[in-house]
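Shared chain: subunit A. Partners: subunit B in the first complex, subunit C in the second.
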Partner chain A sequence: MISIVQEIFRDVFDNEELIITKETKSAELKDWDSVAHIDILIALENEFSLKFSIEEAYNIKSVKDILDLLEKKKLNKL
Partner chain B sequence: MNFFNIRHAVFADEEKIINFIKTDWKADHIFVKDQDFFRYQYEDVGSLNFFIAEHGITREIIGILGYINYSENCKSSDIFLALWKVRSHLEDPFLGVKLLDYLIKDLDPQRLHCVGINKKTTGIYKYMGYLTGAMDHYFYLNKKTKTFKIAYFPEESTNEFISESLDVFSSDYTLDLLDGQEDLKQAYEKLNVINMIPSKSFGYLRKRYLLHPIYKYQIFALKEKWSDKCVAIVFLREVVQNQTKVLRMIDFVGSIDKITYLLNKITNYVDENSYEYMDFYCAGIDKELLKTTPLKNLKDFKNVVIPNYFEPFVQQNIDIFYFTNCKENFYFFKGDGDQDRPNIPRGKNEC
Partner chain C sequence: MLDCFKYPFDSKLIQRKKKFLRKILLDQQGLIEKRIVVLGGSTTAEVVNMLELFLLDRGVKPIFYESEYGKYYESVFFNNEEIYKFKPDIIYVHTSNVNITVFPKLSDDQDQVNKKLDDEFYRFRSLWEKVLVEHECVVIQNNFELLPYRELGNLDSVVIQGKNNFLLKLNSLMANYACSSKNFYINDINYLSASIGLEKWHDRCLWYTSKYAMSFEAITQNAHNLSAIICAIWGKTSKCLVLDLDNTLWGGEIGDDGVEGILIGNDNPQGEAYCDFQKYIKKLHDRGIILSVCSKNNFDRAQLGFAHKDSVLKLDDFSSFVANWQPKSDNIDTITRELNIGLDSIVFIDDNPAERNLVESQLSSVRVPNLGRSIVDYILHIDRNNFFEPISISSDDLQRNLYYKSNKVREVEVGKFKSFEDYLLSLRMQAEVSSFSRPYLERITQLINKTNQYNLTTKRMTYGEIERLMYEKSSIAFYGRLKDKFGDNGLVSAIIGSVMEDSVNIDLWIMSCRVFKRTMEYVMFDELVRRCRAQNIKKIIGHYIPSPKNNLVCDHYHTIGFSLIYRDTNSVSSWEYNIPEYPCETNKFIEIVRGEDD
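Our next item is the complex of A and B:
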């Protein structure tokens, strides 16, 4: 799943060489601001056919938060 | 401890806010260079119109959100966002939106808008369920202008931009110059402003256009000849550039269906006073309504330039984007929010 998330990050930040890991936090990426955050969420919603609530969007501060949330939402779908 | 704390600013925060603008935005920003102008723009009675986010440990400012209040009572007013900046490399990427969310909960405004949003931020507003769009930019060329020094037109096609008014009723109205506060007050009190969005109070208009410390505005009332009743007020600003001058319509209050009569009157004023052209930005006005005036929509033409930036002058078309939580029946002009804000401090401004 992280490879899909990485592709989304590369698209949003317009950087084909960007490498993210589970440990990557927002403070480490200069342009991870509210605009990028929304773009990431919309791309994730489209990719995985799901919706994030505002509260969920509020609590994401790292790639780990994204992966954990995707995992949780995937389980809820089953 | 929270990573950050958001609160409404107090007067004692002024220096910290200005310093944040200086270090995190632009060292020569007009608010940095002209503190009095900052106070004019953001100080209301008993309030400094900013929300600030402070770092949980260092207490330094890491984000600001300024606003302009269109009346004396936030709860029933229109609020325009003006100046929104968050530091990069933050532990919370959503701090900007959290500032906005805090403003909404704290002020509880009836309506919320911003004119002059960055195009790349439209996704945020759409995500929040707001309406976004680009303003229309209209212009009228003085029929007597032979050489354009500010606008750019392909010379061979100038005639296609000139058309006569289709309006036959504007002769039933007069355009009267308003001279000072009493004139404006009398005209405003006769206006039907109940259903206007945004709702602009007399206090707002007085501060915005009569007490502006840098710009001088020409204010006119459109009156019915038969009743002497004021049906609209318009706020104009002359800009001098390249040894010539243009007239910009900055704001309008009154019955929107009367704007055609008003524009026909103003175009006469443009011809008589040797302005190169007049222009105005707007959103929400029926395009069909404006087709009865001699003004043209810039979107309908290629290779035409009607500049928007004069401080410094840039001969380039500029799109202005907006968002609003209204769905319809709103009318925005360039004077809304902070889009008609000077960019050069007093004394250095030739406009």
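Our next item is the complex of A and C:
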């Protein structure tokens, strides 16, 4: 899962060498501003064919938050 | 043209890879800069990002000035200085139904609703008029998309108190205004939202979190639509549709199936679809789009298809017809030479992906849409790519195909004469030369912005700039029309010069490719000299600025009798002509008719 998310981050930031880990936080990644935040969320929504609620979108602050949320939404779908 | 920018636009890919796409698109050569003010009624960041990509894909490099969030009205009325300094070519008003200040109330009577309608419309109209008066630019205004919900159910678009009804009335007011004004264009988001569906158009989450009035998918659609309008304003639209035959204009193969075997006509579902496709193309032809055939076939057999009783298109509709076994890329090259138009004016339609691929890879400036899975998709792939976006319908567009047809007759004719001079005389040409006047301004604008080959300086101008020339004492500006025994070619040439003391500088000299080699340039030159003489001007200065397309006229001033003053390392050259004491006319073949005031 994290490798797909990493691909999205690389595309959004146009940086082929970017490595993300579970611990990567938006406050620490320089380019992860509010504009990039929307780009990431929309790319995730498109990639996994799902929609985030306002609360979910608002509460994502790290890669871990993204992975947890994807896991949860995948379970809900089953 | 990158695949993701073709219909159906790959919004997801463009969105995700926008930084990368921007980088490679900015790397292109020969981009034209346009300065665009975006007045936003909602967040515009992504609107601007996407518009930039779609414009770059069309060879236009936009430079943006964005109003503060939601300040579309205030920035014009209270912050005008900054916009003035920015010198915009375009002002784009990106508003939507979230910007309606007052909707009708249930208790409103007709008068109260009308008052609200007037107030709402006036607020926009005052903004456009202020902008159009103060800046030399065009205005593009979004109309309104419908609301995602209907408070009054089906009555919402029926009764005067309905909000959707109110929006539709405003759209109609805006459309009327656009029909009667110059330099003002509507970006029809009402149509765009209907075509992708209101549920996809609105993204409420994006609205509440970031104040975007439309979804990212909608923003992509909007960017494409806007780029089409902008390119059309500066003449970057296609002129000619080059069509394959078998399984493109009819079902089946004319070579194997014969006239009776091909699918066209209302006897079966496929034949009906091909018929509708031909009808759509016929409509394009009616508004001036040139048609041409490019088919791998035996020439005589290929023509048979149009003899089918249900064929909507007839042989006569095609200005050029190529059917042989040569590669299509070579044939398209031949067609452009025959019609005297550029490769970038061509849209190539072929059901065979291999042929499309060949043409696209060999001739990168030809536009090649995908066609979808079957005949039922063809129209959409031409229509939604907006290749032939018109900004207005001029009477010249309706005439255009006649010129190309009579040119064909002229070509046959030329073979019958001993010398080219005899041929020219036999045409019995008549030219009218006159100062710019209002009825012709639209055509002059079109000519100035679309002429590439016979264009000495490739200076482009808006309607407003050209209109102003009519009143400027220090300008010489006149046009030429040409007709002959085969027909009227319409307005085909123009010269604009600025007078400085006893000399005149030619800022612009253009002629339509329709009348190449007809000696019309001498008529224009004689007229220029005549006007100079009347104003006691002693010297004419001309310039040649090379562009990728105007090599045809690199020697123009030399041919006419100017002497070279200077040529720089980029081959930009300046020329002078001293007006002789006694009149000597250079035109030998064309009879002159002059306008009343001239």
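Convention: the second predicted complex is superposed on the first by the 78 of 78 C-alpha atoms of A that agree within 3 Å, B and C clash if a C-alpha of one lies under 4 Å from a C-alpha of the other, contacts with A are read in each partner's own complex, and residues count from 1 in each chain.
The rule we apply is simple: a contact is a pair of C-beta atoms (placed from the backbone, for glycine too) under 8 Å apart; a residue touches a chain by one contact, two chains touch by 3 or more.
Here the structure is a predicted model, which means the values were calculated and not measured.
Novice: Label the relationship between subunit B and subunit C on subunit A in the superposed model as either fit or clash.
Specialist: Overlaying the two structures gives a clash between subunit B and subunit C.
Novice: Tell me the contact category for A:Asp11 with respect to subunit B and subunit C: first, second, both or neither.
Specialist: In the superposition, A:Asp11 contacts subunit C only.
Novice: Of the partners subunit B and subunit C, which touch A:Lys25 in the superposed model: first, second, both, neither?
Specialist: first
Novice: If you stack the two complexes on chain A, which partner ends up touching A:Leu50: first (subunit B), second (subunit C), both, or neither?
Specialist: Neither partner.
Novice: Tell me which partner A:Asp39 touches in the superposition: subunit B (first), subunit C (second), both or neither.
Specialist: both
Novice: Touch test for A:Lys61: subunit B only (first), subunit C only (second), both, or neither?
Specialist: After superposition on chain A, A:Lys61 lies in contact with subunit B alone.
Novice: Have a look at 3-11, 237-245 or 327-335 and say which bit of subunit B overlaps subunit C after the superposition.
Specialist: In the superposition, subunit C collides with subunit B along 327-335.
Novice: Pick out the shared contact residues on subunit A: the ones touching subunit B in one complex and subunit C in the other.
Specialist: Residues 34-35, 38-39, 42, 57-58 of subunit A touch both subunit B and subunit C.
Novice: Considering only the defined contacts, which subunit A positions touch subunit C in the complex?
Specialist: 8, 11-14, 34-35, 38-39, 42-43, 46, 51-54, 57-58
Novice: Flag every residue of subunit B that touches subunit A in the complex, lowest number first.
Specialist: Against subunit A, subunit B makes touches at 86, 88-98, 120-121, 123-124, 127.
Novice: Using the touch definition from the top, list the residues of subunit A that touch subunit B in their complex.
Specialist: Contact set of subunit A toward subunit B: 25-39, 41-42, 57-58, 60-61.
Novice: Tell me, which parts of subunit C touch subunit A in their complex?
Specialist: Listed in rising order, the residues are 12, 15-20, 23, 45-46, 205-206, 208-210, 216.
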